[in-house]
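Chain naming follows the written order as A, B, C, D and E, and within any one chain the residues start at number 1.
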Amino acid sequence: MKLPKSKQSEKAGLVPGTIIYTGNKRNKELCIEAFDYNKDFIEEKVLKDVKEAFSYEDEDTVTWININGLNHIEQIEKLGQHYQFHPLIIEDISSTAQRPKVDEYEKYLFIVLKMLYFDKNQNLKIEHISFVLGTNYVLSFQESEGDVFDPIRERLRAAKGRVRTLGADYLLYILMDAIVDNYFNLIEIIGEKIEELEDKLFDKDVEGNITGDIQNLKREILRIRRAVYPLREVVNKLEKSENDFMHEKTQHYLRDLYDHIIQVSESIDIYREMIWGLMDMYMSTISNKMNEVMKVLTIMASIFIPLTFLAGIYGMNFENIPELKFKYGYFVLLGIMVFVFFGMIYYFKKKKWL
Amino acid sequence: MKLPKSKQSEKAGLVPGTIIYTGNKRNKELCIEAFDYNKDFIEEKVLKDVKEAFSYEDEDTVTWININGLNHIEQIEKLGQHYQFHPLIIEDISSTAQRPKVDEYEKYLFIVLKMLYFDKNQNLKIEHISFVLGTNYVLSFQESEGDVFDPIRERLRAAKGRVRTLGADYLLYILMDAIVDNYFNLIEIIGEKIEELEDKLFDKDVEGNITGDIQNLKREILRIRRAVYPLREVVNKLEKSENDFMHEKTQHYLRDLYDHIIQVSESIDIYREMIWGLMDMYMSTISNKMNEVMKVLTIMASIFIPLTFLAGIYGMNFENIPELKFKYGYFVLLGIMVFVFFGMIYYFKKKKWL
Amino acid sequence: MKLPKSKQSEKAGLVPGTIIYTGNKRNKELCIEAFDYNKDFIEEKVLKDVKEAFSYEDEDTVTWININGLNHIEQIEKLGQHYQFHPLIIEDISSTAQRPKVDEYEKYLFIVLKMLYFDKNQNLKIEHISFVLGTNYVLSFQESEGDVFDPIRERLRAAKGRVRTLGADYLLYILMDAIVDNYFNLIEIIGEKIEELEDKLFDKDVEGNITGDIQNLKREILRIRRAVYPLREVVNKLEKSENDFMHEKTQHYLRDLYDHIIQVSESIDIYREMIWGLMDMYMSTISNKMNEVMKVLTIMASIFIPLTFLAGIYGMNFENIPELKFKYGYFVLLGIMVFVFFGMIYYFKKKKWL
Amino acid sequence: MKLPKSKQSEKAGLVPGTIIYTGNKRNKELCIEAFDYNKDFIEEKVLKDVKEAFSYEDEDTVTWININGLNHIEQIEKLGQHYQFHPLIIEDISSTAQRPKVDEYEKYLFIVLKMLYFDKNQNLKIEHISFVLGTNYVLSFQESEGDVFDPIRERLRAAKGRVRTLGADYLLYILMDAIVDNYFNLIEIIGEKIEELEDKLFDKDVEGNITGDIQNLKREILRIRRAVYPLREVVNKLEKSENDFMHEKTQHYLRDLYDHIIQVSESIDIYREMIWGLMDMYMSTISNKMNEVMKVLTIMASIFIPLTFLAGIYGMNFENIPELKFKYGYFVLLGIMVFVFFGMIYYFKKKKWL
Amino acid sequence: MKLPKSKQSEKAGLVPGTIIYTGNKRNKELCIEAFDYNKDFIEEKVLKDVKEAFSYEDEDTVTWININGLNHIEQIEKLGQHYQFHPLIIEDISSTAQRPKVDEYEKYLFIVLKMLYFDKNQNLKIEHISFVLGTNYVLSFQESEGDVFDPIRERLRAAKGRVRTLGADYLLYILMDAIVDNYFNLIEIIGEKIEELEDKLFDKDVEGNITGDIQNLKREILRIRRAVYPLREVVNKLEKSENDFMHEKTQHYLRDLYDHIIQVSESIDIYREMIWGLMDMYMSTISNKMNEVMKVLTIMASIFIPLTFLAGIYGMNFENIPELKFKYGYFVLLGIMVFVFFGMIYYFKKKKWL
C-alpha cells in the first residue's frame, strides 16, 4: 500500500519556505467568489483577480472570499501581501499534505481542514481546505470547485437563519460545520461497505479479492482518521483561544461542533474495530470452506475405497476361491456392497457431515 | 456492518441549528407527564400541551415534566421558549445521534444520556434521553413511552425515601441512577449471550452462523461502550461543577453513581476481551474439526489402500504366479489382510487417533 | 462467559439507597469479634450484638470490631447509627459488586477491598471486605468467616511487633497488607495453572477442553485484575490524603504497600500476556498435529497408489501383453515394486517426513 | 532479528565518559567545511584542522562548521575545548546509539538527530548527526560525507532566500528541516515496498521469502519510528525553550517543522498498521492456496475413485455375473461411466470448485 | 509459565516488617568490601564484620561499603542501626521481589535496582541490588559475589577519571551506570536469540520445540522489561530530587543515564514486537509445510488414480470388449497412459506445484 503520493517528497531538496502546490487537481482557471454582507445588505461577485476584493474594507460588513485552485500561487501571494500573511501560511495553504491545525497570529487565525468524499469509483478523495479568519473577513482556499457550501451561500443570499446577523467567526463556524456534517455521509458509506463485505463473507461463494477489499477499507479508515482526529484539537483550541476574532457567543456553537467531531471519531473507531474483525471472519470462512472440501473428499474416499477393495478381492486369480463358484456369490457381494455403502452414508449423517 | 442509521447524515446539507428528530420512534401522540411536589404535597397530571405546565412556578415545590415523543418538535420549542433554552439545546434534544454530555448554562444544566435495552428479538435498542435541571425543576425528554422510572413515580406518590424531602438535583440523580442501574441488566444479558456462544463452540456440532453472532456481539458491546463511556466524564463533571443547581449533599450520591458507571465500564471491558477471544476459540474449533475429518480420511485410506494393492497383486494375469496355484493361497492372503487390518487399527489406536 | 452473577441487577428496579446484600454467602449466625487494646492492655471478645461494642469508647485505646456476615443488615445499620455512617456506606458494605475504593468523610475513612482465593475446586472466589477507620477504631466487614487475619490476631494478643504501640491507622495498614500479601499466593497459583497448560500443550496428546481452560484462565486473570488495579489508586489516595486518621509515620508503610500492589499488578500483566499467548500456542499445536496426520496419509497414498497402478496394468485382459508370458515376469515386477517402495521411503526420509 | 550492532555494548566495561566512536563508517580523512557569512559577505573553506576555524570569532557573522568523520575524536575534542563542551557532549557526538535529544547548556544548545536513507541494496541506513548551536555559530557532526545539505550550501553561496539575513538559529532550523524533509522520501519508499509486497501476495504464485520480507519491513519501520518519534519532543522543547540562541522569529518556523515531524509520524503509524496487516493477508493467501490444492485432489479423487470401483466390479471373477455376457454390456458400462464423470463435473461446477 | 518463584508468597502469613531473604543465592560467607577515598588518598579493605566499617567517619572522604550475601540479615541490621535505617529499608534490601524504586529519607536516599545477566545455560538471571546514598557514603547490597563493578574498582585504585575528585553521588552514578551499560549486553543476546529463531523458522526443517522457545523469549523480555521500565522513573526522580546528597554537577550525568535507560527500553519494545511476530511467522511456516505435504499427495493421487482407472477398465471381464483383441491394444493404452502422465506433470508444472 502506498498513501496517495503527495509532492511533499519532491520538496525534499528545496529550502523551507518554497511554495509549491503539492496536490494534483490543477484548475485551469482560478475561480474567486466574494461575498460582502451585513444585516441589511449583501453583495456577491465572481472576481477575475484577487485585487478586486481589496475594496471590501468596510468595518461593519463581513467579507468572505473563496478561492478555488491552489495552483494559482501568485494570486494567493497577492492576497497574502494584502492581508499580511506570514510566509509559512502561504506554504501551508498550497501544501496539501499539511495536516489539520490552527495557528494563532496577531491579526488573524489560520485554520487547515480536510474535505472528504468518495468519488464516482468509490475511491476516497481528500481535499485540502484552509481558512483565514480576521476581525471582519473569512478567506477560504480550496483545491477545486464544487464543495459543501451551497446551502450556506443560499442562506447568505436569502438572509435566512442567524448568519447575516452575526460576525465573521460565526461564518467560519458554519463553514466548518458544513464540512464536519459531511463526514457523517462518509462514515455511512464506510458502514455500507463493511456491511457489503460481511454479506460477501457469509455468502457461500466468496469471490473476488476479499483481502484486497479489506486492506483497502483499512487504508481508507486510517486516512479518514488521520484527517479527522487532529480536528478535535483544532476545535478545542479554537474554543479555548482568547482573541478578538472569536466572540463568546460562538463558543457554544464550537462546543457543539466539537461534539460532532467526537461523534465522527467514535464511529471511526468502531468501524475500525469492525474492519479489523473482518479479516478474522474471512480466515474462518476460508477454513470452513476447506472443511467442506475435506469432507467431500473424505466421504467419497471412505465409501468407495473399501468397496473397491472388496471388488479387488474377487478380482484375484487364485485357483481356489470358493465364493467365486457360488451361484449367487456375485449378488450376495453386491448386496454387501450396498449395505456398506448405506452404512457409511448413515455414519456420516450421524457425524453431521452430510 | 452498519451502525443503526441515524438521520445525522440527512442533516449534512442543512445549516446548523436546523431541528429535525433524527430517531425512528415516532409517537403519534405526544405524552406529557407533570409532577409538582414538596415535602407535604404532590400533584400529578397528564398534560395535553406543554403550556399547561407553565403554571408550576412555585418556588418551594419541585416540578418534573416528562415528555415522550421527540418528533413533536413544536411542543419542545414552546417549552424551550418558556425556559429560555439556547437554540442548540433543542437541537440536541431531538438529535438522537448526540452523545452523552453535560452542558452548563447560566440558568440550567443540560444533560444527555442513553437508555439501553434489548427488545423482544434480542436486538440492542438505544434510546436518546435528555434532562434539563433548573433550580427547582427537572425536564426530561424521551423518544417513546415506557421507561425505567416507574419505581421513582411510585416513591414520589407514596412519599417513600428521601426523594420528596430533597431538591430537584436529587430527583435528577435518582432518574440518572435508575438508567445506570438498568445497564447492569444489559450487561448480564451480554454475559448470557457470551456464555451461550461459548457453549455452542464447545458443542461438537457447531451449527449456524457463529461468526455472524460473534460479529453481532462485538457490535453490540461497542455500541454499549459508546453509550456508557462518556457518562463517566458527564457524572464527573456534574460532581465537580459549582453552581446553584447541585447541592453539596447530592455530591456524595453522584460519587456513588460514578462508581456504578465505572463498574459497568469495567464489565464492558472484560466482556469485550472475552468476545474478542471467542473468535480465536471458533478458529480452534474449526481446526479441530478439520483434524477430525482428516483423521477419518487418513485411517480409511491407510487401511484399505495397502489391502487393495495386495488384492491387485493377485489379480494380475501373469502366467507364472506360483501363489495362485497354492490350494490355500486365497485363505492365507485373507489372513494376511486381516492381520494388516488389525495392525493398522492398533497403530492408529496407539497414535490416539481412534 | 458470564461474570459470577451478583445481585446488582436485581437492584435495578429499586430506588437508590436500598440496602440488599448482593453476595451469595449467607452466614446463618452473625459473628462479631472485638479487640480493644493499647500498649499495656488487651481485651478480646466475641459479641452477640454490635451494641456490646459501643462501650469501647476509651480515647487511649484502639478498638477493632470485625463483623462476619453481610446478610445481617440490621446489625450493620445499628453500628452505622452509632458511628454516624452516611447511608451510602451501609449500601456499599453490603453491595458485593462495589469496586475497591476509598471515600473520605469528615469523621472517618471508608475503604472497600477484595479478598481473593481459590476454593477447593480451584475456582476463583472474590470476597467483599470493607473497612471504616476512625480516630481510634477500625471496623471491618466480611462476607463470611475464615480470613487471612490470624497472624495479626496472634500479634495483637502476644504484643509482638509494632502493632500494639501504634494507632488505628497502623492496624488498618497491617490488615490491608495481609490481604495484599495474600494476592501473591493467588498470583503463584495462576502461574502454576499456566505452566500446567503449557505442559499440556507441549504434550503430544492434548486431551480435554484446552480452549475452555484457556478461556477460564483469561476470565480469572481479568477478574483478579479488576479487583487489584483499583487498589493502586486507593492506596495512593490514602497516602496522599490529609486528615486526622492517617499519621505521618504510617505513610512510609503505605508507600511500601503501594509497591506491593504495583508488584502484583505487574505480575498480572505478565501472566495476562502469557495467557493470551497460550491460545496461539494451542493453534500451532493443532496445526502441527494436522501436519502429522496429513503426512501419514500422504506417505501411505504416495507409496501404494503407484504400486496398485502397476498391479492394475498386469491385471488387464489384453490378449497381447508380452510381459505376462515371461517366465519370471511376475518376480521382476515384484522386484520393481519393492524398489519403488523403498525409493519412496527414502524420498520421504530425505524430506524428514519419516 | 538483531538490531544493527552498535558498539554500545562494547562500552559496557568502561567507565562512563569514555569516548569511543561506536559507528562503523570510518572516514580515512577527516573533512571539515567552514562557512562564515553575514548579509553582505560569505567565506567558504575546507579546513585541515579544526584549529583553523577558531579565527571566525566575529560577533556579526554566523559561522557554520561541518565535520564529517566521527572517528577522528581528537579533532572533536579540540573543538570541544575551544567551545567549552561538557564532557558528555563529546561522548554523545561520537556515540551513534544515542537517541535524538536536545540538551540545554548555558552557552549553547546540543541537539542529536538521525539521518535516514536506503542504500543501494535497499537496506535502511541510520546516520548519527549532532548539532551545537551557539549565539553566532552552528557546529554539525556527521559520520561520513554525503548529506542532504547541498541546496542549503547553494543558498548560502547565492544569498538566496532568507538564510543570509537571519541568525544561526535559522541556519540550524533549515539544516534540521532538510533532514526531516528527507524523511518523506523514506516514507515513500516504505510505501512502495508495502505496495510491492501486497502485489506479490495477490499474485497467484507467491514466491520467495515473504515472511522474511514482512519481518524486514517491520524491523525497518520500527527503527525509523525510533529515530523519528523522539524528534517530536526535541523540536517541541526547542520551540518552548527560552534562551539567547533561539529568536522569537524562528519559533514560527519550528512550529512548522514540528508539524512536518507529526506528519511523518502519522505516516509511520499508518504504514505500521498496514505492515502488520500484511502477515494476516499472507496467512489468508496460504490458506486459499491450500484450498486450491485440496479442491484439485478432491475433484480428481471424487471422479475417479467411484469409476475405478465400477471397473473393479466387472473385473471380478465370479462365474455367474450376467452383465458380463450381455453383448453391449461393456458399452453400456462405458456410457454409465461417462455419465458419472460428467455428473461429477456438473456437481463441482455447481459448487463453484471448477 | 511460572515466574521464577520468589518467597514473597511465603511471607503472606507474616506481619509486615518481617525480614526474610527471599532470593535463592545463599552465600556461605558474607563478603564485605570497603573503600575509603578522597582526591589524594585511598584505602581498600575486606571486612569480616560490618562493625569494622564504622570507623570511616571522616567528613572529607567518601566511603563505599559493598556487601555480598543478603542472607546474612543480622549484619545488614547492624549496619542499619549504625546508619539509622528505617525498618522498611532492611526489608526491601533482603526482599528480592522488590521492584526498582527510589525512596527519599531525610538522611539518605534508598535505591533498588536489578542486575540482569544470562547464566551459562542461557537462562535469564535477575539479581537484586540496593544502594544507600548518604552525604559522604554509598552502601551497596548484592545477592552474591561477582558483579560489573570491577572497572570502577580499578579506576578508584588508579585515580583514573573523575571519580576520585567527585563526591559520593558521582560514585553512585557510575555504579548505576555500570549496571545499565550491562543491559546493552543483555539486549544484544536477546537480539541474537531472535535472529537464531528466525533462521530456524526460515530453515526448511524446523525441529525442536519452537513454540516453547518463543514462549521462553516472551517471558524473558517481559521479565527484563519489568526490571528496566521502573528505572526510568527512578532516575527521573533522582534527577529532579532536591536534597543534600545529589549535587548539581551530577545531574547532567543522571540525564545521560536516563537517556541510556530510554535506549534500552526502546530496544526492549522493538524486540518485544519482533518476538510477538515470531509466532505469526511460525504459524505461516507450519501452514506452508502443510501446503507442501498436500501438494505431494495431490500430485501423486491426481496422476495415478486416473491411470489406475484406465487399467481397471481393461481388467474387466466382459466377453465383448473389442479393444482387448486389438493386436497393439496394450501398447496403445500404454502410450495413452504415458501421455496422461506427462500431461499431468505439465499441468502441475504450470501451476507451479512442481
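Convention: a contact is a pair of C-beta atoms (placed from the backbone, for glycine too) under 8 Å apart; a residue touches a chain by one contact, two chains touch by 3 or more.
Just so it is clear, the structure is predicted and the values come from calculations on it, not from any experiment.
Matching the C-alpha atoms of subunit A with those of subunit E calls for a turn of 145 degrees, to the nearest 5. Residues touching across the subunit B and subunit C pair largely diverge in numbering: under half of the numbers involved belong to both copies.
Put simply, the C-alpha centre of subunit A and that of subunit D have 26 angstrom between them.
Averaged C-alpha coordinates give centres for subunit C and subunit D that are 43 Å from one another. Among all residues of subunit A, those that touch two or more other chains are 283, 287, 290, 294, 297, 301, 305, 308, 312, 315-317, 321. Taken as a contact graph, the chains are arranged in a single closed ring, with each chain touching exactly two others. Following neighbour contacts from subunit A out to subunit B and onward until the ring closes gives A, B, C, E, D. Taken together, the subunit C residues at the contact with subunit E in this complex read 148, 150-152, 155, 160-163, 173-174, 177-178, 181-182, 184-185, 187-188, 191-192, 194-195, 198, 201-202, 252-253, 255-257, 259, 262-263, 266-267, 270-271, 273-274, 277, 280-281, 283-285, 287-288, 290-291, 294-295, 297-298, 301-302, 305-306, 308-309, 312-313, 315-321, 352-353.
Touching subunit B in their complex are the following residues of subunit C: 1-3, 5, 8-9, 11-17, 86, 88, 91-92, 97-99, 101, 103, 205, 209, 211-212, 215, 218-219, 222-223, 226, 279, 282-283, 286-287, 289-290, 293-294, 296-297, 300-301, 304-305, 307-308, 311-312, 314-317, 321, 323-330, 333.
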